[in-house]
Each structure stands twice: as structure tokens, then as C-alpha cells.
Amino acid sequence: MFQTVIHGRGGQGVVTASELLARSGFAGGAQVQAIPSFGSERMGAPVVAYTRFSDQKILTREPINHPDAVIIQDPTLLRTMDVFEGLVEGGWAVVNTRESPNEVRAAQPGAPKESGHLATVPADDIVREYLGRPIPSAALLGAFAALTGQVTLEAVVNSINGLFKGKVAEGNSRSAQVAYQWVIDHRGHEDEGAPHGIAPVDVDKPSTAELPIPIAGSPEVVNA
Amino acid sequence: MAKVNIPFMQTGTLVVGNRLLDEQDRSVQAWQDRASSLTHGHRACQGCAEALAARWVLDTAMEVTDGKLMVANATGCLEVFSTLYPESAWKIPWIHSLFANAASVATGIAAVNAVTGRGDIRVIAQGGDGGTADIGMACLSGMFERNDDVLYVCYDNQAYMNTGVQRSGATPPAARTATTPAVGRQPGNTFGQGKFMPKIAMAHEIPYVATATVADLRDLEAKVRTAMSHRGARYLHVLVTCPLGWGTKSADSIKVARLATQCGLFPVFEAEYGELKSSTKIRERVPVEDYLKLQRRFAHLFGANADEAALERIRRLADRNIRMYNLLPEGAAA
Amino acid sequence: MPELLEGSQAIARAVALCRPSVVCAYPISPQTHIVEALSGLVRTGKLANCDYINVESEFAAMSVSIGASAAGGRVYTATASQGLLYMTEAIYNASGLKLPIVMTVANRAIGAPINIWNDQSDSLSQRDSGWLQLYAVDNQEALDLHIIAYKIAEELSLPIMVCMDGFVLTHASDVVEIPTQEQVDAFLPPIKPLEKLDIAEPRSMGMMAGPDVFTETKYMAHQVMFHANDVIKRVTREFEEAFGRPSGKPVRVWGPDGEDRPARQGEIAVIGMGSVMGTMQAVAPTLWDRGVRTRLITLGSYRPFPATSVRQAIGAADRVVVLDRALTLGVGGVLSFDVRRSMARLGIPLHSVVCGLGGRPITEQSLAETLTRGKAGDLGELEFMDLKTELVGKVG
């Protein structure tokens, strides 16, 4: 069993991310389960979602308390809660930030210490450039694929194309690819962050001018 | 069939006169093959105007629909006096579910008929004033708002008669009921707007809203015909005398209903899509006292401790109705 | 072909495969995704010959369902929690009128305090409503149960609640197998109502019954519930033959040794309904290795209550632990109450473990600790799992 917890904020597509991750794992032949944390959180409130991969039928329904990996969609969460709580020894983490892995480690004692187990990626900058909206889920899943190898980049892109259409699918797919490449390129450079305001360049990037607005009608806002 | 009023001058009613009409203009009740939707053997009180009205409404609807009619009935007198297992006085497909939900049950019936290709079968929901204006109003309003293909008929006897004459939201001011006794500083029901459901129905801008009374059954019949000529949500509000609850003589049910219209307290009109289309003019205006004095529920307004102030307020209600619904003939003095 | 689907979407697809004539619902969390999906299926014509009716309350939703079912239609609705209570009067009426309505209950707590999260207080409050109540362990079973429920409901002419844990199942994405239309059509024939409103044969439905016949009416309804036990067993067997999945069994017995047999001496019989039994199954093998041997008795049917099968499954267990997802105040777990009745004079101790109220997560660790204590004889008659005693003031 490989268990992933995604932390983010309402409106950031956290639930969609766990769904995409589950689809990617499912495409790779795993048994999967995606559970949004259920709440009446409105836009901006911390939201968490869980994804499980297994080679056997998944029976359990408990929330994930000891994740093998965490994905942090919103860097501001690093300062407000222990997003690495319960992370197993040798676990993985993908953080949406311009800071370097070692900068994150310095501030967060719970972050994975092993070299190559913590990836930071400027996902906001990437999606601003390629998607046109500050919804970093797809980029972080690309980074997750590069970091953990639990899913392939191809599966992530296919999942995106299965859930979205047109420019939204294209922007998300491209963001995932760029973030994937970012993690590959920065492997072993754990003191290296991203420059401010400059997105990684992709040679044939699409225009963001006509992108439709939200990437996902995110279902984590549940009305009582 | 055109509605033809044949005044029968000896009694002042409009209900007789079939023999004076051409056959095609006669009431459904003139014919042996009428549906007798609510047939004999039921347990209504002597002089029950609700039973009379229900029979006229449904027999007319049965004729109009060629027998393709289903009825949802709210809990109330009409339901209780007509069915007690194993007997039923209904000769039509009829269902009683609950007090508050006749309009919704009718919606469900209409929906299934429509999706299964039986849209020619029409649906009527019916209930008393409590089941309509009080406990059933949410379901009724929902049915109106969705414009479901249902005719809702309210038989308004102005209180909870089934449970022993308690006040309802449609009980008129000053009326004595079991829960508004004629004692204290303000005997009887308190003064106020009450709920005049036809106006609430009109606010939904449904295709057809009409009022009628058992004093003019030809008019009632004509309004059912008009209602059934429309599709969508329709509402028919029938004032029905209740000898038990009102304290009237059983023989006076028609007379009392007629006086309710002739004094101006009960307006008879038709409205389409929220707009008043026509009103039945008062033939000979009478003082409200003529109507009230025949009913023991208003007895405390008269006699030794006569309540002139209350009577004056009731007169003003009649005046207001006459203005609002334009109830006097052209040229008549208000 | 297996698909990854949110539970609610799977339910909507399964309901659509049953070809209802009317879907009528009022939105309430956590039922909303189901009815949203169905409204879309109707609007796009993917669910043809069906009307989706938006109503003004749950009371109206059940009332429209009553009318539609009385007119001979196959009817679907769904609700939860406060909504279920709001339609309670009509719920009793539907079963009294013997209308085969199928309703999903996306199980949720009842306020006050208002709480949108999962437990089973809502459906269990309808214990005496005369409806059948079937409970799903996972989303595959939940979707299968809807197909099974229509078949049972229409055979018995009785309404059925399909209960699934709100959020835990309704909002979770799982791998499920959605049957084909041909499979469902072959299993579930068009509805043939026992009684309906019919212009060719006018009848009165919902008549008043006096003291002379009311007892007999209820006695007959009571007998039908016993018959329902057999019908559920047969229909779920037919379902398994047709679809290859053992969904909806009234009682399923399982142990980490893989044997389907009653509990023996030295074992704890663990009884529960819904998704908690999935988590229990996940933790049971570890417990077994540690010497805490459990036999899991999962109830797929709560009404009718399969008392005989439960009694048999308990067998010679040392003790019975009931995982109660609803509480009757001052008494204890609701399910325990029924289980206790079914094990009269067995002389086996029963421990009611109230857990997961109002969405409190039921963790494998807590279940393991509870059963370890059970093995050691440390469990009381009534326990509140994970009770935060520091939050509890002095009572009384």
C-alpha cells in the first residue's frame, strides 16, 4: 500500500488532485482509492485529500494517518500546520514553493531528510504561465511522478486529458510536464530554489490568453 | 357547454333550471350516466356542502376527461367520511396519503402518467382549508411554482372541522371555534388578514385561479371546465358551508353560502396568470349581518352583548372585497 | 470493465440502469452528488423516459415519490440526516401504502449540534418505519444494492432504503464495476405493481382502517418482513449468479483464516454495518497474528433483521463486540439492541462499542486497541471508542 496525503486550500483543486492521482495509479494497474476530507470548508480554508495505491483490494476506510508521501499545494500551509505529521520514515514530499529543499528542511523538522525524497517546485509560477490560473494540482502531480515513480508522467497526462478538455487539459498537461522536468533537472541540487517571478521555460508553450477560468468545479466545498 | 344562469326567483338560487335549458347546456348532474365519483353511502353530515361540491367538481372533471381522472386527497373530513375500510364512496382512482402532501402526491401521479405516455389522464388534488392553506401550503406552493399539471381544489369550510372545529389559518375574524372560544376581551378568532389562499395562488402566476361556492353549482361546474381546459397548475377555491362547524341549519347550507357572496365577504372571481379576469357581480347586496346571524359561530356578535365594533370591522372587510374584486354591477352604489 | 468512480457517480449510474420513471429529491449533504448526477443524466437524455422533479422539501420529495409509485412508476429518491427526519411522516406512509420506492440514505449524523458528517443515526431512527434497510460496506456493494433493491422492493411491494456511509463512501473514489444495461435489464424486469391507480380499475388507496382491522393490517405487514428475509437471500443469490459478485448478503461471515463459518471458542464475534466493516477487515489479519482472533459478521440487512443468521454466526464466540454507529441515549448502541435480542440465552457477553459518531474517524489503530482490550476481558458493556475524556465535563 502506498498512501498519499494532499494538503491545500479550498479552491485549489485538492480533491481533483486526489482524483487525478487515483486515476493515474489506476491506469498503472494499481487498486486505488481517493477520499476527500469532508467538510464544510469554503474557499481558502485548509483542505486535505487522501489517495491510496495497493496491489490488493483496498478495504480500509480510515483517513491516512501515516502517509508514504505528502503533496503540499499551498506553501502558506507550511507556516500554519505540521503538514509532515505522520509521514513514514523514508517518505516523500512534494512542496509547491520557490524555496530549495534544504530551505524547507531548515524551517520544517518533519520534512523528509533523505536526499532525493523532498522535491520543491515553483508550481504556482508554472501554472500561471501554462494554465493561466493559480491551481497547481497538475504541476504537482507531474513533480510527484518524477520524485516517487509511483505513477508515470504519461499516466498523469492521460488522467488530465480524461478529466478535462481543450485548453484546460492542455494547460494542465503542459504544467505537469514542465514540473516533471523541473524535478528531474534539480535532482541532487537540494540547495537550489527557483528565481522569483520567472517560470521555467518550455520551448513550445501554448498561449494562455484564451484559457477558460476554473480547472475544476472543486467538490470540496460542501454545503451543510 | 356554455354556462347559462337561470335565476329561480322564488329562492334566489341559480342551481335549478335544468329543465328550462337545452340538453347540451344542462348540468352533468342532469344525466344518468354521470360518474357519481363520490357516490352514496358516505358518512358526511346532513347538509355537508363539501360533499356536494366534491361530487360536482369531480363529476364535471370526469365528464371533461372522458373518465380519465385520478385524485389525490388530503387528510380531512372529505377523506374520513368517504372511506373507512372496507368501504369506499369513491368510484374513481383515488389515493389518500397524508394531511399536508396532496399537491405533491398529485405531482408524482401526473409525472408518471406523462412519462409513460398516459398524459391524457388528468390529476386533481383536493383538501380542506387546513390541508391547503396551513399544513399543506409548502407542497401546494411547490406544485404551483413548478407549474405541474394538477388542478388543486380547496373545499374551504374555514376551520379544522374533521378534528372538531378548531381554528385554521382560513378561519374568518370573530368566528368562534373550539380553540378561539367566544370569551374574553376579543371573543372568537382574532382580526387580521387570515390567509386568503386564492390570492396566494395568484401570486404564483399559475394559468388559472378561481373561486366558487356551493350556492352557484353551475358556476362551480363551469369553472372546473375552464380549469380542465388549461394545462399546468390550477387552483379552485370553493367555499363550503359546514353545518356542524358554523352552527347553521343543514337545510341552510346553500342559502348561507349565497349570503356569503351577496354580502361581499366571499368574492367569486377568476384569474389567469396572476391577473384578475372577471368577478361574479353581487345581484342584491345584503348586510353582513344577514350572513352572520344564521351562524352560531358568530352569535356572540349579536344579542344582549352585541359587539358593534366587531361588526363594523367585518363590514369594512366586505367593503374592501367589493372594491378589490369589483363585485358590484356597473352603476351600482358601493 | 472496472472503472474508477466517485461513489455518488456510481450510484447515479446504477440507478439510471434501473430505468426509473421519476427521480425526485431535495438536496442535502452528503446526498447531493448522487442527485446532481441523476439530474444531468435526465437532462441530457441519457436517462430517457424519466422525469427529474426538483421539489421544495424532503417531505415533498417523499410525497411526490408516493404519488408516482402509486401511479405505477419506478421511483427513486435520496436523502440524509435532517432530510430523512423531515420526510419521516411520508416514510411511514409509503411503507403502509406498500409502495416499492427505493431511496438512498447517505448516512449522516442528526443535529443538534448540526453535523454533516457520517454516522448511522439517521437511517436507524427509521427502524420502525416498515421500510427494508440494506447497508453497503463499499461502493461496489452500494451500487449493486440499488439494482438488488428494486427487485426485492417490487417483489415484496415494499419500500427500501439503501444506506451508505455519507462522505466515507459517497464522496470516495473507488474502483467499481458498473453492469451493462443488458445485464440489468435481464435481472430486473419492468415494474409490475401489485396495486396502482388505474382508470380501468378504479380503487381507493390509503383508506382509513378502524380498530376492527388495524391490528391485522400490522400483523400481516410483520409477517411480510419474515418473508422478506428469504426474498433478500434468494435475490442476492440470483444477483451473484448473474453478476458474479456476492453483494447484499443479509449476513456475511468472514475471518482472517478465510473460512466462512460461525465463530468458535477463543474468537470474538465482531458485528457491524457499513464501511466500518471494511476497515475492520483490513485490521483483522494483524490482530489475528497477535492472537486476537475475530470473526466478522457484516449485516447487509438491518430491516428485516436476520436474527437467526446472526445467532448462528455468533456460534460459540467468547464474546460479541458490536460496532455501533448510532446511539440511543440512556440505553446504548442501536444495533446492539437488535443483536442482543437475537442472542437471548446464549450466555455470551456483548460489548456495545459506540464509534464514529458525527464523522469521528474510525481508525484501524483504535479498532485494534478496542479488540485487544476485548480479548483481555477489559471491555465494558458499553464503550465509547476514542472518547476524549478531557473534553467531557462532570455529568449530573
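Letters A, B and C name the chains as they come in the text, with residue numbers starting at 1 for each one.
In this section, contacts are C-beta pairs under 8 Å (C-beta built on N, C-alpha and C of every residue); 3 or more make two chains touch, one makes a residue touch a chain.
Because the structure is a prediction, the values reported are computed rather than measured.
Chain centres here are C-alpha means, and the one lying farthest from subunit A is B. When the C-beta contacts at B-C and at A-C are tallied, the pair with the greater total is B-C. Distance between chain centres (mean CA atoms), subunit A to subunit B: 66 Å. The geometric centre of subunit B is 45 Å away from that of subunit C, both derived from CA atoms. Centroids built from CA atoms put subunit C at 36 Å from subunit A.
Of all the residues in subunit C, the ones that touch subunit B in their complex are 21-22, 24, 49-51, 53-57, 59-60, 63-73, 75, 89-90, 93, 97, 197-199, 202-210, 213. Taken together, the subunit A residues at the contact with subunit C in this complex read 18-19, 22-23, 26, 31-36, 38-40, 58-63, 65, 219, 222-224.
By the touch criterion given at the top, residues 67-70, 72-73, 79-80, 83-86, 88, 90-98, 100-101, 104-116, 121, 138-139, 141-142, 145-146 of subunit B touch subunit C in their complex. Of all the residues in subunit C, the ones that touch subunit A in their complex are 4, 6, 29-30, 32-33, 114, 116-118, 138, 165-169, 171-175, 275-276, 278-279, 281-283, 359, 361-365.
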